[in-house]
Amino acid sequence: MIQVAVVGYGYWGPNLVRNFSDLPDARVVWVTDLRADRLAAVANRYPSARVSTDHNDVIKDPDVDAVVIATPVRTHFELGMAALRAGKHVLMEKPLAATSDEACRLLDEAARRGLALMVDHTFVYTSAVQKIRQLARSGELGELYYYDSVRINLGLFQHDVNVLWDLAVHDLSIMDFVLGRQPIAVSATGLAHVAGRPENIAYLTMFFDGRLIAHMHVNWLAPVKIRRTLVGGSRRMVVFDDLEASEKIKVYDRGISVDGTQDDLALMRIGYRTGDMWAPQLAIGEALHAVARQFVDLIVSKSPSPSDGFAGLRVVRLLEAATQSMAAQGRPVSVVEATAS
Amino acid sequence: MIQVAVVGYGYWGPNLVRNFSDLPDARVVWVTDLRADRLAAVANRYPSARVSTDHNDVIKDPDVDAVVIATPVRTHFELGMAALRAGKHVLMEKPLAATSDEACRLLDEAARRGLALMVDHTFVYTSAVQKIRQLARSGELGELYYYDSVRINLGLFQHDVNVLWDLAVHDLSIMDFVLGRQPIAVSATGLAHVAGRPENIAYLTMFFDGRLIAHMHVNWLAPVKIRRTLVGGSRRMVVFDDLEASEKIKVYDRGISVDGTQDDLALMRIGYRTGDMWAPQLAIGEALHAVARQFVDLIVSKSPSPSDGFAGLRVVRLLEAATQSMAAQGRPVSVVEATAS
Amino acid sequence: MIQVAVVGYGYWGPNLVRNFSDLPDARVVWVTDLRADRLAAVANRYPSARVSTDHNDVIKDPDVDAVVIATPVRTHFELGMAALRAGKHVLMEKPLAATSDEACRLLDEAARRGLALMVDHTFVYTSAVQKIRQLARSGELGELYYYDSVRINLGLFQHDVNVLWDLAVHDLSIMDFVLGRQPIAVSATGLAHVAGRPENIAYLTMFFDGRLIAHMHVNWLAPVKIRRTLVGGSRRMVVFDDLEASEKIKVYDRGISVDGTQDDLALMRIGYRTGDMWAPQLAIGEALHAVARQFVDLIVSKSPSPSDGFAGLRVVRLLEAATQSMAAQGRPVSVVEATAS
Amino acid sequence: MIQVAVVGYGYWGPNLVRNFSDLPDARVVWVTDLRADRLAAVANRYPSARVSTDHNDVIKDPDVDAVVIATPVRTHFELGMAALRAGKHVLMEKPLAATSDEACRLLDEAARRGLALMVDHTFVYTSAVQKIRQLARSGELGELYYYDSVRINLGLFQHDVNVLWDLAVHDLSIMDFVLGRQPIAVSATGLAHVAGRPENIAYLTMFFDGRLIAHMHVNWLAPVKIRRTLVGGSRRMVVFDDLEASEKIKVYDRGISVDGTQDDLALMRIGYRTGDMWAPQLAIGEALHAVARQFVDLIVSKSPSPSDGFAGLRVVRLLEAATQSMAAQGRPVSVVEATAS
């Protein structure tokens, strides 16, 4: 039985507590939050969990095996480091840390101590994203040509991070999982419409080796909600619309074929293929349950996680590079390759 | 009665001939195309129009008042210049020319000779785009925050121009008309998936003075067709979906309000407003009919055109800058301001 | 503080318990269900509620003020009558009873004892349905012409009631609330695709005095989920799509106008009007919370309820007549008018 | 070369003329209409066709092989009979005639003279409807359970026929083609909202032998346009949305399975199946071209037509029975079986 403490009980914390409580081999023993009012609900619903406004109670408790951190990004490093140093496994809310340097140091600390370090890249645990990965990795889509996502709505303006760190972090973690390849450079643009606040609208292009390009559009100030990803391949193309109740994923047998060779450009002809569309039925289930399950399995049996610390680092590196490019109106910034997991 | 010659009878030419034929004060007297097979249909449908495979027949005919040029972009300058020098008014298919230098020289020639020079920015003549312009210019949207468009589908790969010149040209002409402001710099990214061909997927960000940003996504290799533009303002936001049969334009009373001042960032609070949506009924009518009407009015009564040569030049300048930036992976490129019309 | 007992803890019971628990002036003191396994969850979540597999524990408890009955329809009458006879107020799941005779007897019993009797016509408490009622009753739609609803999906086949009693009950309660008028006759058709089971697909037409007609389509065996209601009036028409995340209600300024008089049919001309569409922003909030609130207010302050026993009776009468007509392949059946509330 | 005359040049006539003109083995030699103004356009576009305001010119012309009749329904019988008696093949606009008696007499006349008699059931010639028929007839859908269609919009109110004869005629011809089975009884309801005019809203249920039911909803006074048909089978279900640009047909692997036998109802269990969806790519092409092609083939080589006179009669019999039932508020009316083609 893994003894779990959840630090941070704001928007996402209650979901984490609920899902860890549902696991047969884990128990939530602590819930902490700076705001005492939030903790009132915990006592009622989870009588076996202790509550506190001081996360040090968790760090100091030798019975705690693992700490789940769901606090603002700027606190991730300090809290994560304290937990690791106290010998506790860590599941961190996305993004893993506020800088790639911090992320590296968390990885190092976990590795040195043989502790589990995982990031809650929730989408990676949905059946929709897993299906897209399977389509992309199995070769069913052919050579991958582009990855294009839009994640916009009228959303909460964050104080401390720009919209990339809040919304594109989802798409970057999905893309990392689906493609299994790393961009070599990024170009990002964006704007802040509220003086003194970070950018609330941003566009991010990523360049890969070969003929693959990726792009993300994120926006906190859109009149409508859109959650749509296109993955284009030489053989098939996928449309993933996360707002569809069913038919979230549609696979299109559409594309082009090129006759002739590069040596013979003048004779080269492009053919267009328009075939059937197919929407695979997806398994139902809460992704966060699978996140909790995976974290416990990682602790107990070293079962490899698709959202381990390295995945977390790769995403942070892209966010860092993108923010740098955005400050320079799209000037391309190269991405240092993160060590593979 | 204005005697009109149409040069180029491929995809768009027949529509131009039909619409000029429908005008009571214009007559189509010539239709030319390099391919004789295309001209066969003309003789049947428009017995009063002469046909030729040599556009010089048009240039030399003193009875021709105006030439409508619907040929590939690379031929625009030469054909347009020949027509102007022969004293004929010119309506050019979009984009006006292949370079801003060519566009300037066409403008100069037309101005020197007192001839009409107009570009067929067709969308500018639709009731949908005119409604958006009216909303934007009347202040109903408040301060303009962003302009975001997506124009993708499985489309014909062009040989000689990249996807920006083929698809984004529509969005740039719409944006020019709606905003009435010029970007000061652009950052574009894109990729060619067929070796030896120009880019078939592209992303274009434009920066303006103040808090306005614009972005366009164009793609010839998408599994689905999307034609969607968002215009975000401080008071209202517009979604324009050109594939909707009715309700092409939806106006949302949504957005944010900022309490507090810039001096007082710590106390600044953001409020969120979610109000009604409204879809104005739009007039029905073929936009190209209005283009033809406007061109004749420009010739006859100097009635000012929303798609005059200056508009054509402004769009070409943006395409030129974008293509330059795209070659440098998004490096920002400043836009020389075109003389206002 | 009203002491509430909830009888039946299957699909809907947990929602009832949660919403009554959230009221400041009510307390859930009992939860009963025939299946003990369902009750296990109650003890954890609501430590102050007692649980039992015998609903008589509730009936006999003098501290219970009100009983909420969420059991199969065939048990409504017996349970409701027992509760009323024990002097307890009753909130009944829809439909109120299995026959109009049973419904009448429940109404009589409640009236004689001065007890509250209410039906959980949940939709009547949504902001969407309240907006439609307001549009219809205020005259904004003009004279009402038709009410047309579709409620289909791949749903659970009930054992004891046909699809009208399971699905159309929602639409009938909405229609009753929106129109405030009673049909005078019904014609229904339907079919059972599983031998020995009640009809799983049904169509129901209702005739009113004057030029108003209503129709409902319900189906447990549809490949897609549709929840769409049209309300047509002489001045405006409403489309209510309950699956839309926002824009559930769209009001169209469309219709016809008739010139000329009936005496002069030959000269009568019909004009068509196609105007704007408008989607009012709707308040957010769980309808069942408002149901619970209303029930307590009805008990405490006799605050009139839009889903009182009379509304419940009117709906049951229509279901009864429709079932009768369906057995006779659509033969029209007249509806005895229920006493108005 | 078949010499064709088109009688009636209103809404649909121009499409018929155009499509027959496009056939290599047919020639349009006459176009007639009571209104001379409509004929002006013909002379320009089809110089080889003669025009007249008197259809007798067509009947008397011995060079005319076939007559295409696109006039109001009430004139179908007289015009068709005159053409057949003059020894001319006939293609009739839908519905074939105003009564089944008239339809029978047209069939008799054509049979006696060995002339072709065909109805323009246009939808039967679309690739979408042909795909649905293939799915239904091949057994891919399993046992057919229901056929459900909705065809509504703000449409032209007809003077002389109710909305069933104007709109449901499309659905009845599709259903006849797809199912290949005849209903044995109908129940219809509807209402006229304009005094003195026929019903503008109607609902039609059809009963078949076995476990098959069909329903149609047609309405000239709807705020939105809907063209949607569901075909439910025991193995698969189809959604046909004719307003979708692509993906008009979606095939769902969804449904129920019944365990246990009828003798053993208490133990009978229903299982629910939710599988993939598949949208077959459909061939592109104008259906009316195929109608014209089929008519000429029927004349020249007796190639059997899916919309021969018998199909026309079957549809008229259903319209007749439905109108009768509608006048009696849904009282079921049995359908006399039309002789199979």
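Going in written order, the chains are labelled A, B, C and D, and every chain counts its residues from 1.
Throughout what follows, a contact is a pair of C-beta atoms (placed from the backbone, for glycine too) under 8 Å apart; a residue touches a chain by one contact, two chains touch by 3 or more.
Everything numeric here is computed off the predicted structure, so don't read it as measured data.
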| item | value |
| --- | --- |
| Reference subunit C; chain at largest CA-centroid distance | B |
| Interface copy of A-B among A-D, C-D or B-C, judged by whether over half of the contact pairs recur | C-D |
| Distance between the centres, which are taken as Cα means, of subunit C and subunit B, whole angstrom | 53 |
| Distance between the centres, which are taken as Cα means, of subunit D and subunit B, whole angstrom | 43 |
| Where subunit C and subunit D are represented by their mean Cα positions, the distance between them in whole Å | 39 |
| Overlap residues in subunit A, where contacts from two or more other chains coincide | 224, 246, 274 |
| Residues on subunit B engaged by subunit C in the complex (per definition of touch) | 246-247, 253, 274-281 |
| Complex contacts: residues of subunit C adjacent to subunit D | 145-146, 148, 150, 154, 156-157, 185, 187, 189-197, 201, 203, 205, 207, 211-213, 215, 217, 219, 221-224, 230, 232, 234, 237-239, 250, 252, 254-256, 258, 262, 265, 268, 270, 272, 274, 325, 328-332 |
| In the complex with subunit A, residue positions of subunit C that touch it | 45, 47, 224-225, 243, 245-246 |
